[in-house]
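Contents: one structure, followed by commentary.
Letters A, B and C mark the chains as written, and numbering starts fresh at 1 in each.
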Amino acid sequence: MAVASTDTAIRSSNWSRMLIYLVLLLFALFYLLPFGIMLVNSLKPLEEITGGNMVALPRTWTIEPWLSAWSTAQIGVEPTGLRPYFINSIMMAVPAVLLSTIVGALNGYVLTKWQFRGSTIVFGLLLFSCFIPFQIVLIPMARILGLLQIAGTTPGLVLVHFVYGIGFTTLYFRNYYAAFPTELVRAAQIDGAGFFQIFRRILLPSSGPIIAVSFIWQFTNIWNDFLFGASFASGGSAPMTVALNNLVNSSTGVREYNVHFAGAIMAAGPTLLVYIVAGRYFVRGLMAGSVKG
Amino acid sequence: MTMMKKLKMTAAVLALSTTSVVAQEVEVLHWWTSGGEAAALNVLRENLAEGGVGWTDMPVAGGGGSDAMTILRARVSAGDPPTAVQMLGFSIQDWAAEGSLANLNALAEEQNWDEVVPEALQRFSTYEGDWVAAPVNVHSVNWVWANTALMEELGLEQPESWEEFVAAMEAAQDAGYTALAHGGQAWQEATVFDSMVMGVGGPEFYQDSMIDLDPDALGSDMMVEAFERMDTLRGFVDDNFSGRDWNLASSMVINGESLFQIMGDWAKGEFVNAGLTAGDEFQCFRVPGTEGTVMFNSDQFAMFEVSDDSAQEAQLAMASAVMSPDFQVAFNMVKGSVPARTDIPSDDFDACGQLGMAQLAEASANGTLFGSMAHGHANNPSVQNAMYDVITAHFNGEFDAETAAEELVLAVELAQ
Amino acid sequence: MAASSDTGVDFRTRLQNWLPKLVLSPSLAVMLIFVYGFIAFTIYISFTDSRMLPSYEWVGWQNYDRLFRIREWNIALNNLAIFSSLYIVISTIIGLMLAIFLDQKIRGEGVLRPIFLYPMALSFIVTGTAWKWFLDPAIGLENTMHLWGWTSFQFNWIKDRDMAIYTIVIAAVWQSSGFVMAMFLAGLRGIDNEILKAAQMDGASNFQLYRRIILPQLRPAFLSAFVILSHLAIKSYDLVIALTGGGPGNATALPATFMYSYTFTRNQMGIGASSAVIMLMTIAAIMVPYLYAELREKS
């Protein structure tokens, strides 16, 4: 059942529909504005930015800033552009997203279909972890990664993101599976199906939307994280956001704003793509998951 | 240099004798990521590469180095510190006090660092008499950058006293220009404040208040006057100053919208990049009232204790390369700063660079070279930032000058 | 034969009984160390004289005493109250409104929805500069309006110490109101249309439909939105750093920026930790009753 085609019982007059369209379009404009500013200025030569109106369209269009941000801009001592950092971010984000989604799904399954004494308390404990401010975990986390000998490596970073993602993914899957008929699980149990069999055969096939939600949420958070990436990755394995920050935030040097904007849009590319491609599942997943339950 | 040669030779010998040598490497944490400065640092990387020493780059920009310091703490807590870390002033002392830094005495003695590095800098590069860091440059902060064309148009000479300075700004304001280009960020306001304290009270007062943190000096009438001068400057700033980056303020002077900017010598890079010539199309002079003194900050590479021999050798090679005159010249010409050693000829530098080098040597000799409060070279970070709070709150109109001086005493007390 | 198959079954059922707990236990262990262990560590540090790195010299309540004498902390608390209440209320209203509008069989919903939603995908490292420019009167909105001929137009909040915090609210609302919209939209789509049609037959107006039937049914969505928004509000850090850096003066400092600054920039880790403890207590004060109510109701 496609969400967009869901029937609604509310009827409204032509005038109020006009008004609704107007409001929606105005808000669309408001949401697009910052992105628009970035896009427009990423296509201007630098003199046009520092010398003129920053909201105006370019007088001379150029893709130079994009090329520079991608492959020649100075990130560290070598003019590498953002290119080499892309793969680092992917190496970090993909395993972390997968791991936390799998574990969240299993947790949600246990917490709804295999409840035991104290399982709600366990859930409460997991959920509260969503609210821990990341700044306080920095130093103790560093010490533990050091003890585990994975400080400054991608596996270390994956572990960190995995740990602080469990709370959210468990929340999503728990609420989603709560609405799933328990009778089916019991029936399968009586037929002799085991714990994992039930999960794989019965719950997983209908988990598409909530996997999408978990995936989008985790991917966005992990991809955009700066603090952990900067602290727990060493030079060669630094993720995209760290590189972007180095490009944009240099303190006492000349600022090439057009290159900064081009780089910023590039760095945001994968998350934007995920939102646009998987966005339609997002509402559907939320619909069945976190807001009902 | 001999060290470098030795290293080169060893590297060559090793390369010949066996192919399974563990490559020597340094990992360098720094925040020089913008085009020019990063390119300048690349000179160092290439010098080291010639000696067979690899370079793992670990740049973390943001917050004038404060983000890099956060990351450093994580790295040290993990028991995995970088080989060398760009650092400012008191941070070096703090890390040395933790016992985290390596001892560079042997190299320093061999290369005579004691003689060539100004004593005021050694205060930060050494801890309890031991060398722990190699200074890269000296920035000084009490500069005024001026648009020559605008000065000529207004019939102005280079101001030589505070009164003349104010009069010049009045002339610019009356003619419809923004007299003072300023970016309203706490560190920029503190940078200006350094010069006001020095201008009002001179070296002794600066020492008492900013470095020794004497409560009487901090709350004195002279401090009130320094804040009043900030009020005066506030009157010459445009309405949109708040939050502006320093380089946009520089552009205002470059574009001829503004007459002056008070900023450290890194601002020179902006002018030069815009195609202006030092001493010709733009002027540099000391903030009136502070002539004869230099308030500085110095970027240094603090060397962290590393365990194995090859890492130690690489570290020493790097320290040696940092101190080599060639690198000091190459780097500082790009950066706008001046070399951290005083035995280097200034011929290759532009007018402002030459002036800066001469004044640095002179101030060092006369004992009027002071660490800049705004840039962490007068007191530790907690006091420094507590001062920032008061200075920026005052500049933004939350306190009058008298209250500001009182608040300064209180803030410094709480931060200690 | 029989005996061995018996033990086999016995072992299997016992394993089945233990499996759920076994599956859950790694997550729980990880949380106990990486969340609750670290919180305990932070609480401990807040009673020590830690400066640059953790130290274990006990100083009692001294850090808390100092914390509340620091002007900036009080500004930060004050700002958090203003910021979080406005942010939560406005995001909820806009989110709800957009969701209701989008639910009116709008043509182009497929285009509009991702537009409303995309800001959540971007970090403020990415959009911060654009926002800063847009809000800057000299180059942004005000200047543009002037160029278009509306010369009396004024919008200089970001430069104004009393108004700057509201610009933070605007940017924050921009980022998350679309996400709230998605939550409400999902809630609206989940409502049974038969009930609405029946009510309409009885002559209920649209307004009455929403007030009496639809909004009450959205209660879970309201609660989820509240949890997500309040946790974002309390954690807000990038946003302030990107837009104002805490300025003008200290006018836009928030507890998260305060904590970072004291812990890492100012080498006063003890005070930083004590501010973190206060933050955690605030979060707990909001979340624990909510979680308690939610979980009890469900079980």
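We adopt the following convention: a contact is a pair of C-beta atoms (placed from the backbone, for glycine too) under 8 Å apart; a residue touches a chain by one contact, two chains touch by 3 or more.
It should be emphasised that the depicted structure is a prediction, and the values quoted were computed from it without experimental measurement.
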item	value
Contact pairs, highest-scoring chain pair	A-C
Taking each chain's C-alpha mean as its centre, the one farthest from subunit A	B
Distance between the centres, which are taken as Cα means, of subunit C and subunit B, whole angstrom	38
Separation of mean Cα positions, subunit C and subunit A [Å, integer]	15
For subunit C, residues that touch 2 or more chains besides their own	53, 260, 264
Residues of subunit A engaged with two or more neighbouring chains	139-141, 245, 248
For subunit B, residues contacting two or more additional chains	63, 70, 73, 77
Parts of subunit C lying in touch with subunit A, wherever the complex brings them together	12, 16, 19-21, 23-24, 26-28, 30-39, 41-42, 53-54, 94, 97-98, 101-106, 109-110, 112-123, 125-127, 129-131, 133-134, 139-141, 143-144, 147, 174, 178, 182-187, 189-190, 193, 196-197, 200, 206, 209, 220-221, 224, 231, 234-235, 237-238, 256, 259-260, 263-264, 273, 276, 279-280, 283-284, 287-288, 291-292, 295, 298-299
Contact set on subunit B toward subunit C in their complex	63, 66, 69-70, 73, 76-77, 94-95, 98, 184-186, 238-243, 380-382, 384-386, 389, 392-393, 395-398, 407, 411, 414-415
Complex contact set, residues of subunit A against subunit C	3-4, 6-12, 17, 20-21, 23-24, 27-28, 30-35, 37-38, 53-55, 103, 106-107, 109-111, 114-116, 119-120, 122-137, 139-141, 144, 163-164, 166-167, 170, 178, 194-196, 220, 224, 226, 241, 244-245, 248, 257, 260-261, 264-265, 267-268, 271-272, 274-276, 279-280, 282-284, 286-288, 290-293
Touching residues (chain side subunit A, partner subunit B) in the complex	50-51, 73-79, 138-143, 145-146, 151-152, 230-232, 234-236, 238, 242, 245-256
Complex contacts: residues of subunit B adjacent to subunit A	27, 31-39, 41-42, 44-45, 55-65, 67, 70-71, 73-75, 77-80, 245-248, 251, 255, 264, 266, 269-270, 273
